[in-house]
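Two complexes are shown next, each including subunit A; its partner changes from subunit B in the first to subunit C in the second.
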Partner chain A sequence: MNAELLALIQMAVGGGLMGMAYALVAYGFQLTYAAGKAVNFGQGELVMLGAFIGLSLAGIGLPYWAAVPGAMVAGAALGWFVERAAVRLALQQRNEGWILLTIIVGLFGVSAAENIWGREDKPFPVPWPDGALEFFGISVTWPELAIAAGALGMMALVELAKRYTMPGIAVQAVSADPDSAELCGIRSKSAISLSWAVSGAAAAFAGTIIAPVTTVGPTMAAALTLKAFSVAVVAGLDSGFGLVLAGIALGSAENLSGFLLGSGWREAPGLILLILALALRPQGIFGKKIIRKV
Partner chain B sequence: MKASRFILTALLSTLLSTGAMAADVVKIAITGPFSGGSAPMGLSMRDGAKLAISQINQSGGINVGGTKMKIELIERDDEGKNDRGALVAQEISAMGDISAVIGTVNTGVAVMGDKYYVEKGIVKIITPAAGSASMTQWSKVGTKDLPIFRFAAHDGIQAQMVVEQAIRLGLRKVAILHDATNYGVSGRDDLIEQIKKQGGKLKVVAIEKFAIGDKDMTGQLIKAKVSGAQAILIWGIGPELAAVASGKEKLGFKVPMIGGWTLSMSNFIDTAGAAGNGALMPQTFIEDESIQRARPFIQAYHKAYGVAKIPSPVSAAQGYDATMLLAEAIHEAGSTKPALIKASLENLKTTVKGAIADWKKPWSKWDPSNVETHEAFRRTNTVMGKVKNGRVVLANPSEKGVLEGKKTK
Partner chain C sequence: MLFHVNLALREKTAERIMRLTLFSGLATLPMIWHGEYALGLLTLMAVYGVLLIGLDATVGYLGQINLAQAALFGLGAYGTALAIQAEVSLPLALLVGIAAALIPGVALALPALRLEGPQFALSTLSFATLSVIFLNESESVTNGALGLSIIRPSLLNILLDSTRFYWLCLMVLFVAWWASQLLLRSRFGLAIEALRDSPTATDALGIGTLRHKALAFAWGSALAGLAGALHALNFGYLQPAAFGYDLMVILLLGTVFGGRRNQWGAFTGAAVITLLPNLLSNRTLFSFLVTLGCLLAIVPPIRALFSRKTPSFRQTAPVAAMSVALVLALFASNVEEWRKGIFALFLFAAVVGLPDGIAGAVTAILRKLIRFAPDPLPVASGGIQPANSSAGLALQASKLRKSFGGVKAVDNVTLKIMKGETHGLIGPNGSGKTTLVNLISGLYKPDSGSVEIFGVRPIPGSLMSAFLAGSARTFQNLQPFSGLTALESIMVCQREGGISEAMGWLNTAGLQEKARLRCSEMSYGDLRFLEIARALATRPYVLMLDEPAAGMSKPDIIRLVDLVTSIKRAGITILLIEHHQDVIAELCDLVTVMDGGQLIAQGTPEQVRRNKKVIEAYLGSDETATQAKSEMRTQLC
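== the complex of A and B ==
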C-alpha cells in the first residue's frame, strides 16, 4: 500500500478511536434529553472533573480499577447536583434558563479545578503497556483501544440496564410520557434525577479513559462539549448506534482535515457538521421526526 | 493638651519611621508564568531567585552606599499569556518605586510587555525566555538606551547547538516541528538560518507546526516520517513536546528529538515518560551534584523547597544567578535608581560567583547593532543535555568542564 494512503488511514483510525469518546459524552446528552428534555452544556467540565477525581484517587494509592469507579460515583453525584441545582427549577418555570445555568455550573467547575488541582496538565497513569500495536501498518496505542472499548462497553451496559432493570424501564416510561408514567406510579422526578446521575457517571468515565491520551488539566475538555453536542445533533438525540457512527465520523474528519489542510483546520469539521445538521436535518440523521399531536 | 501633643508626636514618629523603612528596602519584581503550561519554568525561576533573595536578606541585605538594604519582592503571574504579561508590565512600571524586574519565560510576553519598562527606564533582566525576538525587537528599532538585559542562552546559540548536534550525529535529512507561538516560529527561523550558516549539511525535508494544547501529533509526525527525516528538530513547550514524543512512539518512528532547552521541562519529561528518553537540548545548568560548582545551589534549593528534583533546573539556576548579579549591580550603583543600576549592570566590576559560572562583566554598553552586548550567555558556557530516565544529564560527558567553570567568558 502506498505511504500516502497508509498515512490517511492512520489518521482516520486514530481520529475514529478518539471519536468514540465524543460518542460517549454525546450519549450523556441523550440520556438526560430523553428523560427530562434538557442537556448539560457543562458536560465537558464533568468529563474534566471526573478525570481529576480519578487522578486524585489514584494519587492516594487506589489501584486503577478502583479509581475509575470512584470517579464515576463522583460524576454521578455531580450530574445529579447539576439537575437539582440548575435544571429543575428552570424547567418548572418552563423557561430556557437551564441552558445558561448548566454552562455556569460548568464554568464554576473549571474554576474549582484550577483552585484545587492547579492549571498544569498532568499525566494520567494507566495499567496498559507502553508502546503501540500494529495492524497492517496502522499503529494503535493501548489507551486508544481503551477509549473505544470503554465507550462501547459503557453504552452497551446502560442500554441493557434501560431495557432489563426496573429503574431503567421506569426512566424509559418517563421519557415516553411523564404524565402517564406518573399515573402508573412512577415518580418522574426520581427517574429524571437517575438519568442525570447516569449521564454524569458516563461523563466522568469518559474523563478517565481519555485522560491517558489528552493528559488531565482544567481545559482538557473545553472543546469536548461542543464536539459531543455536534455528534448528538448529527446523530439525533435518540439513537445510540447513530452516536457511535457520528462520533467515529467526526473524529476521523477532524484528523483528516488537520492532516490535509493544516493543524489549524482540525476543529472545522465539527462546526460545519453542526451547522449542516441543524439546517438540513434538525432531528438528526438517525433521529425520528416527532410529530406532536395537538 | 498634653495628651494631644503626645499623640501628635507618636503619629509623626510612626510616619517618619515608615518613611525610613520604605527607604531601607530595594523593591524587585519577579514576573513569570506561575500557572499554565510554562509554569515549571516560571516557578523554578521564581524559587531560584527567592533563594538568592533570602540568602542576601539573611546576611543583612545589599550594601547600598553604606546602608544595608533588604530586598522586598513583588510577584506577578503572567500566566504565560501575552496580553496578561503586558498588563503585568504596565502595572509594575506604574508602581513608581520598583528598581528592577527579573523574569519572563514566554518570548511573546517580553515582546508585548517590555516596552513599558523601556519607557520608564526600569531595569529588567529577562530569564529564562530564550526567543531571539525579545532582544532583537530593540535592535530592529535602534533603541539607543536599553534597560533590558537577558540572562539566558538565547535561541541563536541554542539553534546553533541543535544543528551542530544533528551534524555530529551524522544526520542528513531532518524535519522541523514547532509550535505556532512567537517562540516556536522564531525558533524555526533560527534553525533554518543556522542550517544555512553551518554549510547546508542538513536537508530540511518537512516543516510542520502545531498549536498550544494539541495532543495528537500523529499527522505532523507521519509527514516527517514519510519524507524520510532522520531526526526531529523541535521548538515548543512541555505539554506539546510530550505529545510529539508519545506520537513518535506510537508510530514506531525512532529518530532522535533535538530541540530548544524546553525539552528539559518537567512537564515534558514526566508526561512523556520512557518516550522522552534520549531527547537532546542545550542547557546552561545540569542538576547533578557531582558538579562541584552546582552542588551548593542544588542542595540549598532541595532543602528550601522540600523537593528531590527541581522542576526546571536551568530556570532555577538562572533565576538565582540573575538575582545575584542584580544585587551586585545595585551595590555597585550605590543607589536604587534604575538608571544607575542599568549603568552598573553594563559595567560590573566584581566577578559574581554563581551556580552556573563566575560572571565576569557579563554585559556591556548596549549597542543596537549588536544584541550580544546585553546577552550574558555565549556558546562556550552552554552544554548539551539529554533526557535519561526522568532527569536531564550531560549528553557529552566531556562538557562537564564547561559547567565547572573552566571555560567562562
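== the complex of A and C ==
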C-alpha cells in the first residue's frame, strides 16, 4: 500500500474514533428531544465544563476512576439546571424562547470557565499507557480507543436503562405522549428532568474522554455543539439508529478536509452537511416524517 | 391606572412626532456635545440601529431565532471594503455591500425557511460559522485573519469627515426605519404576522407562507448588508473574527433587550449595546446600574407576595440572574473579564422577565397613561356576490388513498360535486372526513388518486396550488391569526378590495362590532365565524367547511345556518363536514357518508338517514350489539 493512501486512512480512522464522541454528545440531544421536544444549544458548553470539572477533581488528588464519575454527577446537575432554568417555562408557553435561553446559559458557562480555569488549553491526564497500537499499519492511541469504548458503552448503558428500568420506561411513555403518561400517574416533568440530567451526564462524560485527545479549553464548546448537531440532524433527531455511523463519517470527513484543504477548513464539511441535511431531509436520514394535524 | 391623559391625537401620529423629535435631536447633538469619541459612539449606534431593524424582521416578526445576522453584517462590510479597494464610487460600494449580504442571505433563506424553530436556528448558526471560516481562509481576497484596511472615500465630491459621516448614517437609519414601518404596516407585514401564528392557514388561504418568509429574511439581510457597508466605512479596518459568535450574542441582546416586534425596540437595543461595553469600564456607574436593575427586578415578586401569591418562575428568575450580576459587579476582580457572563445574565433576565423588552414595557405603560383617539371604523361595502352559475363539475376526487402507517385513513374514495351544490360529508369520528378534506385542499399528498377543482388539477400536497384552483377552507381545530385584529385577518386574505370590503366581509359574518378586537381576545364561536369570513374574502369557487358548528351554542348555530344559506344562494359550491344532523338536513343538497375511510352511502339527507349501512355505522348493527352485551355479561360474572 502506498504511503500517501496509508496516511489518508490513518487520518480517517483517527477522525472516525473522535467522531464517536460527537455521536455521544448528539445522543444527549436525542434523549432530551425525545422527552420534551427541546435540545440544549449549549450542549458543547456542558461537555467543556464536564472536562474542566474532571480535570479539577483529578487535580485535587482524586484518582481517574473517581474523577470521571464526579464529572458526570456535576454534568447531570448542570443538565438538570438547564432544563429548569431555560427550557421548562418556554415549553409550557409553547414558544421558541428555549433556543435563546439555552444559548444564554451556555454563554454564561463559557464566561465562568474562562474566569475559573483560564483561557488557555490544558492537557487532561489519563491512566492509559503512552504508546500506540498498530493494526495493519494504522496506529491507534489508547485515548482514542477509550473514546470508542466509552462512547459505545455509555450509549449501550443508557439504552438498556431505558428499556429495562422503571424510570426508563416512564421516560419513554412521556416521550410518546406526556398527557397520557401524566394520566397514568407518571410525573412528566420529573421524567423530562431526568432525561436532561442523563443528557448532561453523557455530555460531561464525553468531555472527559475527548479532553485527553484534544486538551481542554473554553473555546472547545461552540464547535462541539455544532458538530454534535450535524451528527444528530444527519442521523435524525428521533432515531436511535445511525448516530454512531454519522459520527464516524463526520469525524473522518473533518480530519480529511483539514488535511487536504488546510486546517482552517476542518469544520466546513460538518457545517455544509448540516445545512444540506436540514434542507433536503429535515427529519434526518433515519428519521420519521412528521404529520401536520389540523 | 390612577389617572390618564386624553389625547386628541391618533397613536400613529403621536409616534411619528416622537420619532421626528428624536431624529432632529440626534442630528443636532454633535453641535452641542463635541468630541470624536462621542461622535464615534453615536455613529456606531446608528449603524447598529439599521442592523437591528433588519434582525427584528426575522427574530421579531417571523418569530424565528436568526443567528446569521452578524455574519451577514460581516459579508456586507467585506463587500463594501473590497469594492472601495477596487476604487468604485461610494454609492456603488454601498450597493455592493448590500448585495454581498443579500445574495448569500437569500441563498440561505430558500432552504432554511422551510424549517421551523430549532432547525432554522441551527441552519443559520452553521451558515454564520461557515461565513467566518470563508472570510478567514480566502486569504488572497480578504487578507484572512490579518484584516483589511480601507480609507473612506468622499461622497459625490463631498468630503465625509466624521460629523458628516454620522449624519449620513443617521439618514440611513431614518430611511430604514421609515421603510420598515411602511413595509410592516402593509399587507406584507400583516401576512408575516399571520404566518407566524398559523403557516397552515396562510398557505390554505393563498397568502403564500414561503414567499413572505423569504422576503422578510431578504429584507433583514439587505439591511444587514447596508449596516455592514456603513460599518466598514466607519472603522476602516475589518477582521473576520469581529463578526463571529460574540457579535451575534450582542445583537441578540440588543433585539431582546430593546424589544421585539417594536420599531422603537431596534433603536433602544442599539443604544443599549453601544453603551454597555463602555459601562463595563466604569465600575461605579456599572455597579449602580446593576443595583438599579436588581431593584426593578425585585418589584414583581414583591407585589406577588403582597397579594399573597407565590411568585412565579417568570418573576423570580430575573431576580436570581440580576443578583448574580450584582455579586459580579461588586466582587469580581475584573468586570470586563466577565463581559460575556454579564451579557448572558442580562439577556436571561430580559428574555424571562421582560419578553417585550424595554420599548415594549414603555409602550405598554404609555398606552395605559394616555388615551389616544381611536382609529375610525371604515364604512362597510361589498359582501357575498353571486358566482358564475354555469353547470358542470366543481370538484372531483378520484380514487383517493391515504394511509398513516398501517391505518387506511382514506381508502379509494371517489367523490363528485356539481357546481353550486352544497354537499354534506358525514360519518362517525375517525371515519376519515377531515383527512379527505386535507387531501382535497392539498395539506396532505395522497398516496394515489387525483383531485380536480373547477377543471384544474392542483399539484398534490400543495395547499397553495389547491387554493389557486379556486378552493378555500376552514379548520376543525381553529387556526386563528392570534396577533391580528379581526379586520386585519380579513384584509390579509383579500385578493382585491380594501379596508371597506374587509369590513363588508365582517358584516356578512356578523362580526362588525369586533373589527378592532385581536383574535387572541375573541370567543370561540366568533373565531369560527371569522374563519368563514376569511375564507369568503378570498372569493373561492369551492368552500370547504370542516365542522363549522362544532362547539357552537344554539343561537350561534342558527346564525351559522343563515350565513351558509346566503353563501349557497350566491352559487358558491360548498363541501360541509358536520355532525349536527339538523344543520346537514337544512343545508345540503346531497350527503356522502364515510366510515372506516370508505364511502358507504350517498344521497339526499332524507335517503341517507334511512340507509341501513349508515345507521349501522353510527349505532352498530343488532349483531354487534348482542355480541357486546354478551361480552359485558361474561365480564360481570
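By definition in this document, the second predicted complex is superposed on the first by the 291 of 294 C-alpha atoms of A that agree within 3 Å, B and C clash if a C-alpha of one lies under 4 Å from a C-alpha of the other, contacts with A are read in each partner's own complex, and residues count from 1 in each chain.
Everything below uses one rule, namely that a residue touches a chain if its C-beta (ideal position, glycine included) is under 8 Å from a C-beta of that chain, and two chains touch if they have at least 3 such contacts.
Here the structure is a predicted model, which means the values were calculated and not measured.
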Joint occupancy of subunit A by subunit B and subunit C, clash or fit: fit
Which superposed partner A:N255 touches (first subunit B, second subunit C, both, neither): first
Angular separation of subunit B and subunit C about subunit A, which is computed from CA centres of the superposed model and rounded to the nearest 10 °: 100
Which of subunit B and subunit C A:V39 touches, first, second, both or neither: second
Subunit B versus subunit C as contact partner of A:V110, first or second or both or neither: second
First (subunit B), second (subunit C), both or neither touched by A:T141: first
Touching partner for A:T219 - first (subunit B), second (subunit C), both, neither: first
Subunit A: partner with more touched residues, subunit B or subunit C: C
First (subunit B), second (subunit C), both or neither touched by A:G264: both
First, second, both or neither for A:I99, with subunit B first and subunit C second: second
Partner chain(s) touched by A:D121 [first = subunit B, second = subunit C, both, neither]: first
Lowest C-alpha to C-alpha distance for subunit C against subunit B (Å): 8
Residues of subunit A contacting subunit B in one complex and subunit C in the other: 114, 262, 264
Subunit C contact footprint on subunit A (complex, rising order): 38-39, 41, 85-86, 88-89, 95-97, 99-101, 103-105, 107-108, 110-112, 114-115, 222, 226, 229-230, 233, 262, 264-265, 267-268, 271-272, 274-275, 278-280, 282, 291-294
Complex interface listing, subunit B residues touching subunit A: 35-37, 39-40, 79, 180, 208-211, 213-216, 218-220, 222-223, 226, 239, 242, 246, 249-252, 267, 270-271, 273-275
Of subunit A, residues touching subunit B in the complex: 3-4, 7, 10-11, 14-15, 18, 114, 118-123, 130-132, 134, 139-141, 213-215, 219, 255, 258-259, 262-264
List of subunit C residues in touch with subunit A within their complex: 63-65, 108, 111-112, 114-115, 117-119, 121-123, 125-127, 129-130, 133, 136-137, 200, 245, 249, 252, 256, 313-314, 317, 332, 337-345, 347-348, 351-352, 355, 404, 434, 438, 443-444, 475-477, 479, 546
